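Two complexes follow with chain A in common, the first pairing it with chain B and the second with chain C.
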Partner chain A sequence: MNKVMSNKWMILLYMSPALLLVGVLIFIPLILSGYYGLMEWDGIGEMKFIGLENYIRGLQDGMFWTSVWHSTLLALFSTLSLILYLAVSLVLASKIKGAGLLRKIYLIPMLLSSVAIAQLWIKVYNPSNGILNWILMRVGVENPPSWLADPNIVLYAIFLPIVWQYAGFYILIYYAALKNIPETVIEAARIDGASPLQIALKIKLPLIREVILVTVVLAVVGSLKYFDLIYVMTNGGPNGASEVMASYMYKLAFSVNDFGYGSAIGFLMLIITLIATLFIRKATSSDEKLQY
Partner chain B sequence: MLNRLGYILLYSFLGIVAVIQLFPLFWLFLFSLKDNREIFSGSPFALPSEFKWENYLKVWEGGIGLYFWNSIWITATAVVLTVVIASMATFALTRMKWKLSGLVLGLIMVGLMIPVHSAIIPLFSMFLQVNLIDNPLSIIITYTAYNLPITIMILLGFYYTLPREIEEAAVIDGCNIHGVFFRIILPMTMPIMSTTIIINMIYNWNEFVFVNTFISSDKYKTLTVGIQNFIGQYMTDWGAIGATLIISILPILIAFIFFSNKVVEGLASSAVKG
Partner chain C sequence: MGYLKALTATGATAMVLMLGACSGGEDESASAGEGNEGEKKVEFMHLWPEGNSAQHHRVVEEIISDFEAENEGVSVDVEVLSNEQYKDKVKVLSSSDELPDVGMTWAAGYLEPYVSGEKFAPLDDMLDDGLREQFVEGTTEGYEIDGQTYGLPLELNTANVYYNKAIFDEYGLEPPETLEEFNSVVDTLNENGVPPVALGNGDSWTGSMWYMYLADRLGGSQLLTEAIESGDFNKPELIQAAEEVQNLVDNDTFMQGANGLSDQEAKSSFMNEQAAMYLIATWDLPNYTTNEDVPQEFRDSVGYFKFPTVDGEGDMDSYVGGPGVGMFVAENSDVKEEAKAFTKFFVEEWGERAVTDVGIIPATKIDPESLDLPQMYVDVLNDLNSASNITLYADVQMSADAADVHLNQIQALFGGEVTPEEFTEAHTEVLEGE
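On to the complex of A and B.
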């Protein structure tokens, strides 16, 4: 038995397709991204080694920091919207008939491509024929905003479909975690005279704290690399007002053909994402493991 | 605990959330069946005065049909590759005995946290060097590679729960390792494999940035990139744009109606570890 299941060649045979693909198409490009960042390169011609010049340029580039700021704002909004999702999940998990079906209905936007969602919301936001301004004008708003064309609003306007898209996903996770809490714990609190609100805030939320932490990481990392929807809806515009890290990097490489600088920005984005992940885990980790 | 009024409030709240989640899609469906005159002058909530199904025919024959088939075969090929390769790796990681398995698993899981866009410039230049730019193979292997970590993660839990005795019995009966995997383990993992198939299908069907970057010919474009170009041509024809979007999301919606439990299971387990 052991001979068969620990044959080195067989292990290699079964692992190698996965290792080859993950190594060549995920890890090597990530390392190369840092390396290309050291080059002056248009993507086709000769590479010229220029040391850390691209990285220094990045740190001094106002547009890069603007994009970092916008990505950070998205991460912040996404984290705040988790509160909303939690509220919905708490209601959903409180012995609601049809909770299973509702949960699936909420999930539908999450299944659609960001491109389709972006195109749909471009129409929702259309200043003259979109449904949003139609409703606003009916309720008496005289000059409804031109959403995606207004640099002061555009980032918030982009954020709304993101909240809409991911709601079902987070509600699903929270709902599953809340349903895992043993009924006896809730019952005990109830007998002690706790109100439903107290039970939710003081008992349920602390008990699913690990899950909440995971979702914060998912929301922050997801936001820092957010791309598709913004690329389609505004491509970072108007005039950089909705530029995020990924869209700025993509523009540098595939519109400006500055592959060296684009790679450096991509590598910085990787580092920022990893630091953010580690930071959240550190900041929220504690030794005490909660016991039921 | 709660009185009747409390429950009415809770249900209304949940109902409003459901309406918010569905209404934009319902509106999309409505205007996909209208013409511009009706869209621009009438109420957005009104049903079409006559159902303009010709919007669908027009965009399908105008090129969406081709993108649709590309999406189908590229998605299907990548899904099969991913699930087979991930199953093999998960088998080796969980059922075979070797010292580095923990480390290798950890490395693969790192792939879950990485922003894919950081890799896209080097990927582009790698594919350029081996002449795979504007070749569907580049997207298929990229989809496979980038979906392996999540697929392995979903498979892992199930593989750990399979009792050791199964393999022992098979080996004693004279089965070699391939027999153990293909004839015994793989069929047993059917339920979890179907979960990974549906999750992979959704990811691949919706993927945008790799196709947008690696494919330039119309004949290989998938729906996500295809509808982008396509909508450019029909800039002002809302009915056509609506029909295009509905066609692009319909297969996923139909799959969801039939396999919603699998989707829920897959998405939930994809977040367990973060």
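On to the complex of A and C.
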């Protein structure tokens, strides 16, 4: 085996399938979309080189910054909801009755396709027939809001199913990490007289710190490029009140027929996501590795 | 470790084989134009999948097999996608110059980039060859750019207000003829807790039709079209129409949360008899006449009225509507002759079958007397014959850029986020820039 691995050609050969796939499916389109961003192009006819005009237009476009703000809100919201997921996982991992069943239940939304989830929540939110307003009216709310029509609440109304959709995924990650903590460490803490809360905060959380950091990055990046539910539920409407970066990019490229500008927005989105990722890594990096 | 190595090796071989298979596929499709033994293949893409447009789908299949039977040596290769996927795919195909030989397109604004990119073939030679007389007057004009026609329409739609006769009878209401009467109908319905109008303004073209009709009644049938052409929306009647829309909203004319509902949701409230009225174009006629999936009792209880006048102003025979999808022939087709022959055959066959088997109003002339049609069809066809004008949907008339602004502004107008003046100014701004 060592002999094979010392041959650089063999390494290249074994790497090539993955490299080829990543290159063709990710890096080439990435470079191409940056390149299309330099063009005035409706996606159908001739391209015309216009330099950085699309990028400058993007930076001056109020609607783009609105969508950036909405995406940032979503990132903030998903990061905060990690606390909720973590709390649920801590409970699940502490050997309560029915933990296995509960874990499977939390995972169900992740098994549904985004379109199905969107359709489900569109029905929940229906202002006259939806179950949510039905309940609100039963408990005495006179004029329950039209969730997806009110520009002030539509964004949050969509955040809720997004948080629900990803609960299973993060709970699964946290649960696995918590289960990996050696029983002996917890046993020792217990003998020293630590309360369950102290064990959770002082022993368990520091030990899965790395995992938590990874999930923060996943949540932020995932939120910044989020698209599915918003596209199906409101398509960015009403009047842009729920537009996020990805839905705005799609709208420009495919409905407004401005492929060049859409590509430029896509590229700006990539840059924003990269900066956010670097920033989080920087803010949370530390050399000390915790060990007990 | 040994088995792992073997596994990787197999994986790599599989990958190579896969790549080989892919390139093999390329070759095959490249020669599709000629086909085997000199047989010509016309690629045809349409947007009526069996799942949600069973009747359309079946008629298309029948026409194709008739065409193949009549034309030895020509076969038609069909690809079907549903509406939105169809639009996306056609766009991608055209940018890589691989459009099907024959396909579906929409009029005016949608058509433009394809024409300026020289992707669609002009079809005037076919029209001059006797086909023009078969179309209802004015329907092919929507597909005309710089004096040449690039699409042959298959449908013609006009919008009317459909209403539930059972609900109207219950509260002693009559179909209104003026906006005043309409408002009092709305008041009565609201007093009795019935949502008056089903509207899904999440798809804002639905709200756009309300605005268009009000503009038509207030300022005459040419006002909006001229404003879109000249780019000047700063007309008192256009501002007043926007005001009227907001008056309707303030009067609780539309069901709750209309701005967040899709047209589909609005339609189901109308069809579940939860709302009394619904403004929609004639493509929905089958639901109120022949569609067996809809309960007979409901179909019998639906009637329609023309959009009312505003205090006697306006011409009730002027409609919002226009041709729906049409057929294009690709400019770079290898089998253009056959593609054109197929298109001609299709358009000619479509007319009668469309109305009897599919239940839509075709863009070609038909004789309602000779066919056994439900009364509502006969009425609509008669209206069409006496129509003084059909204004093409505003978002179709406009370029994609302007249409996007228009649709957003419509939502903002219904949501009370803009004033009527801001609404028209936003239109002027985007239209003038073109």
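The rule is simple: the second predicted complex is superposed on the first by the 271 of 292 C-alpha atoms of A that agree within 3 Å, B and C clash if a C-alpha of one lies under 4 Å from a C-alpha of the other, contacts with A are read in each partner's own complex, and residues count from 1 in each chain.
In this text, contacts are C-beta pairs under 8 Å (C-beta built on N, C-alpha and C of every residue); 3 or more make two chains touch, one makes a residue touch a chain.
This one's a predicted model, so the numbers in the text were calculated from it and none came from an experiment.
Superposition of the two structures on chain A leads chain B and chain C into a clash. Touch criterion met: A:Val22 reaches chain B, while chain C stays clear of it. Legend: residue contacts after superposition of the two complexes on their common chain; A:Gly43 is shown touching both chain B and chain C.
Contacts of A:Glu142 after superposition: neither chain B nor chain C is touched. In the superposition on chain A, contact is made by A:Pro238 with chain C only, not with chain B.
Of the two partners chain B and chain C, it is B that touches the larger number of chain A residues.
After overlaying the two complexes on the shared chain, residue contacts for A:Asp192 are found with neither chain B nor chain C. With both structures placed on the common chain, the touch criterion links A:Glu183 to neither chain B nor chain C.
Looking at the shared chain after the overlay, A:Tyr14 reaches both chain B and chain C. In the overlay built on the shared chain, the residue A:Lys251 is in contact with chain C alone; chain B does not reach it. Look at A:Pro151: by the touch rule set out above, it reaches chain C but stays clear of chain B. Of all the stretches 5-13, 131-139, 149-157 or 347-355 given for chain C, the clashing one with respect to chain B is 5-13. When the two complexes are laid over each other on chain A, chain A has residues 1, 4, 14, 17, 43-44, 128-129, 254, 259 in contact with both chain B and chain C.
Touching chain A in their complex are the following residues of chain B: 1-2, 10-11, 13-14, 17-18, 20-22, 24-25, 27-28, 31, 39-40, 43-44, 85-86, 88-89, 91-93, 95-98, 104, 107-108, 111, 113-126, 128, 141-142, 144-146, 148-149, 152, 167-168, 171-172, 176-177, 180-181, 202, 205-209, 213, 223-225, 227-228, 231, 238, 241-242, 245, 248-249, 252-253, 256, 260, 263-264, 267-268, 271-274. Those residues of chain A that touch chain C in the shared complex are 1, 4, 13-14, 17, 42-46, 122, 125-129, 146-151, 154, 234-235, 237-240, 251, 254-259. Within the complex formed with chain B, the residues of chain A that make contact are 1-2, 4-8, 10-11, 14-15, 17-19, 21-22, 24-30, 32-33, 36, 43-44, 88, 91-92, 94, 96, 102-116, 119-121, 123-124, 128-129, 131, 134, 164, 167-169, 172-173, 176, 190, 196, 213-215, 217-218, 221, 224-225, 227-228, 231-232, 246, 249-250, 253-254, 259, 262-263, 266-267, 269-270, 273-274, 277.
If you check the complex, the residues on chain C that touch chain A are 1, 5, 8, 11-12, 15, 87-88, 91, 94-95, 113-114, 116-119, 195, 201-202, 204, 255-262, 265, 269, 274, 400-401, 404, 408-409, 411-412, 415, 417.
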